[in-house]
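Notes follow the structure.
Chain lettering (A, B, C, D and E) follows the sequence in which the chains are written, and residue indices restart at 1 in each chain.
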């Protein structure tokens, strides 16, 4: 059980990519800010711990957790079965939908046409496998910024991404976009910790529940996202 | 948490595909860097000043910045000004140009070192300067730098791993993808390293043979 | 071009450049140590050491530094090596560049005329004394420039540690790109800083080389 | 058709300086078709410079060089000059002290490079030409060797064959044998004698007094950039008028007897 | 105290092969204290190999080398051997054809390096020693120069001083003058003559027949790994018995007269 060692050190090391606005990103002061760090810090505080934010590349982020480079990932990680086999999840701490975006006036208007499209996804995200399963022609990129660039550049016809991040990012960039409607379940984003730490999981879950109860969560969500995304 | 290589066979197809891509990129970039190197060397030595100066700047840029950054710029940057390169092509061009600049340095020195009598002899036969360069001086210079160029080619193979950052599914990215599914970084990186090493040995073998053949014409 | 943004964030790029410089310095020191050790193994009287030296060079030059770094950083903990990203970066890159430096150092040593060693040995100096007082001082001069080339490669190679999340120059650029969607401004900043670092190092090496040549 | 009085090769008032150093001071030399002229003189006297001026390899600073009725060292705009001089040089074969064979090409490649590029001969024609010329210098059996596999004398014979393959009107030899070991000199001299018998027009810079005497129609003695004396070999070697010539020959004939 | 009958330096049945190539075939050589022996012979005959066997620089494949009552080429475990041979070599000075001065050290540094490291002399003692030895070879005024600033002859004199600074019992010279220009040979020969007058025991490989005749007590003629003939210089140079010796000397004396 790692809860004890963490308590002993008094520091909770929290990882995220630092490049996924508005959930987590670097501001002009070179600080990592956004929804994720705010939630992470709040949870740590409620557990009586200092939070230390660590940014790391998304494709190695679970590797780093397993390698004990940090204690938790509060980085907008979608809860999936496969991931659940190697890590434990606390949460979900927000929910989002999978969304498919195109440029305005695109020839692709329905999900059935995508067999002929170049589909952009982020390496290592759940959307990659989902798109591949459908037999689409998939191109992978390091992150959302590259995806949006490529959509603009026309090298991909559509991108598959979490709806909130993409919509906010496009707004930020002033990019025009359209969405393709399709049936999709909601996804929960969870906090990943190493397996076999029920006490840690329980204490984090309790902290999360409490902040959802007392309105702190809504304040954070309104500040960074502009909506309650529970 | 011990090591478990039993997860590897399931992903061997992805890895092998990565090997193929790695070889393709390396081959393409190697060819580009070789001929590009010769071309740059001739330009740097014999081009008119308005070609030489920008070339110097270009050389500087490539020598002074990391390949990683150059790959980003070529892939995500050029398309902003309307040059749309597929990731594979961008990778080949980035790697190829990067090493072409290094090769050019080597070849320039070698061209200068070719005996002046060679140019003279060619000119007395009536060959023009361009012809003499093409048929007499440059072939000798290139032959003299085969070993160090070979070293660059091997460095190029290893730097092809960086092309993963622009999303070409070469060996490193394939390993990362397998890791993304299994979360077993150590096993797959070791496997990837082994493949790189084998390709590297193959290249060294080929280079040794080329060197030996070239030796005859000295 | 968003000059405004560049003006706001450039101090952080400067800070990151300092990280790159520190990384480069530590890595160079470790690399030189590995190179010296590797070269002495490759030149050893004992076949076992010679073989180990050759294997070190072959493996570390024969596989990508990026992969070596990943194995050390992500795989290391599985066999009980816990390093933070900066340490892993220095060790990974240092051991890697050390393989190249091994060959550089060995090359300069064997380039010293055999007669020098013989002359020292005939005077009664032991093998090690001859190496220390006669061969190495001469070889040291020969190796400045080629080691300079290794160090240049090393500085550029520090960009690799971005992949294991050390916030150096390249990763700073990447993070800002992720947050601001302004890739070119960010690359311009980091590119210029790299060129300055590399140019400065190049000049320092030229200066050393000139000084060493005076006699 | 040139009148017998008009020289085939005509150097008129050649002058050459490197900065302040005057290397050639107003030298004139006429060579008739089929004539063989030897140039002798101490080191640094300007022999090579004069020879290399003939095909404009070291352009003169003053004076003219004519081959038949064409001026070689014409002043022309760069492009035109290049075209002109490449044309001219095809008519002038040159053989150097250090052979300057192309090491990356086989003997065949050396001989056929220029004909192939400049005369557009087919591969078959080139092969025939190479065999012909190499046979003439006795090197046919080495046609597929590389220069590095040949002795000095063999290299020089290939160099001669290479020059001959362009069917030049004049051949220039700049100390063609002086980098060779004594045993190898003879084989190259034999080839040059054969050319003489075929009435090739030749200008030969040499230190081999015996050879010059045996082969040449006329001998020029140069010193410090001027022609000190010239005449038929019999006179030049047996009783030269000029004191400097006498001194020079005394030393050289003494050495030859070693 | 060595009996006059026991040789000072004693090479017994020396044999040396490189793979199949037998370079020394059962050679024996005794040198008395204060004696000067010259070894002459054609290139490749094994002269250098024999000389270098004396201080075990090229270890023999058979036979023994003794200096006074100590065997030089003892078989010992590595560490012990190293200690032993470094001890021995301090007693044997050696001078090479190509000087092998240490280019990164001044003349002083070259001369004092070994005494300082091996005999633990103080800086002052070292300086005194260096001045003494350099004075002997006439190089005192160049004590703070670097080798690159010296002529060949001067370099060789420094190399001799460097060897002498260890106060060796025997000096070995391997063609000490043959890389020098003719004018510079004399100055080195003078130094060697001076050593001879001081009764230094010396073994000298040389091509200078005149010098060998003037200085040596005994001359050895080697060819193809065997001692063909040996004797006092008067006999060896005036009327050698062996035909091979005669031929060799004929050529060499002829060259010398050139």
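Simple rule for what comes next: a contact is a pair of C-beta atoms (placed from the backbone, for glycine too) under 8 Å apart; a residue touches a chain by one contact, two chains touch by 3 or more.
These figures come from a predicted structure and were not determined experimentally.
Asker: Taking contact as defined at the start, I'd like the list of chains shared as neighbours by chain B and chain D.
Answerer: Output, common partners of chain B and chain D: nil, no chain qualifies.
Asker: Return the chains common to the contact lists of chain A and chain B.
Answerer: Touching chain A and chain B alike, sorted by label: C.
Asker: Based on which chains touch which, give the shortest step count from chain B to chain C.
Answerer: Graph distance in the chain contact network comes out at 1.
Asker: Can you report the angle of the rotation that maps chain D onto chain E, using C-alpha atoms only, to the nearest 5 degrees?
Answerer: 175
Asker: Write out the two chains that share the greatest number of C-beta pairs in contact.
Answerer: By number of C-beta pairs in contact, the leading chain pair is B-C.
Asker: Taking each chain's centre as the mean of its C-alpha atoms, which one ends up farthest from the centre of chain D?
Answerer: Following the centroid criterion, the farthest chain would be A.
Asker: Roughly how far is chain D from chain E, centre to centre by C-alpha average, rounded to an integer in Å?
Answerer: Using C-alpha averages as centres, the distance is 51 Å.
Asker: Where the centres are mean C-alpha positions, what is the separation of chain A from chain C, in Å?
Answerer: The mean C-alpha positions of chain A and chain C differ by 36 Å.
Asker: Taking each chain's centre as its mean C-alpha position, how far apart are chain C and chain E in Å?
Answerer: Centre-to-centre distance between chain C and chain E: 46 Å.
Asker: How many Å are there between the centre of chain B and the centre of chain E, using C-alpha atoms for each centre?
Answerer: 54
Asker: Give the residues of chain A touching no fewer than two other chains, as numbers and ranges.
Answerer: 60, 63, 66-67, 142, 149
Asker: Give me the residues of chain D that touch two or more other chains.
Answerer: Nothing qualifies.
Asker: Which chain B residues reach two or more other chains?
Answerer: 1, 76, 80, 185
Asker: Between which chains is there touch?
Answerer: So the chains that touch one another pair up as A-B, A-C, B-C, B-D, C-E.
Asker: Flag every residue of chain B that touches chain C in the complex, lowest number first.
Answerer: Its residues touching chain C are 1-3, 60-61, 63-69, 72-73, 76-77, 80, 154, 158-162, 164, 172, 175, 185-186, 189-190, 192-193, 196-197, 200-201.
Asker: Tell me, which parts of chain C touch chain E in their complex?
Answerer: 45, 113, 115-116, 118-127, 129, 133-134, 137-138, 141, 215
Asker: Which residues of chain B touch chain A in the complex?
Answerer: 1, 76, 79-80, 84, 86-87, 165, 167, 169, 173, 176-177, 179-181, 183, 185
Asker: What residues on chain A touch chain B, complex-wise?
Answerer: 59-60, 62-63, 66-67, 82, 86-87, 123-124, 139-142, 146, 149, 153-155
Asker: Could you pull out which chain E residues touch chain C in their complex?
Answerer: Against chain C, chain E makes touches at 55, 57, 78, 82, 86-90, 92-94, 96, 98, 100-104, 113-114, 117-118, 146, 148, 159, 162-163, 166.
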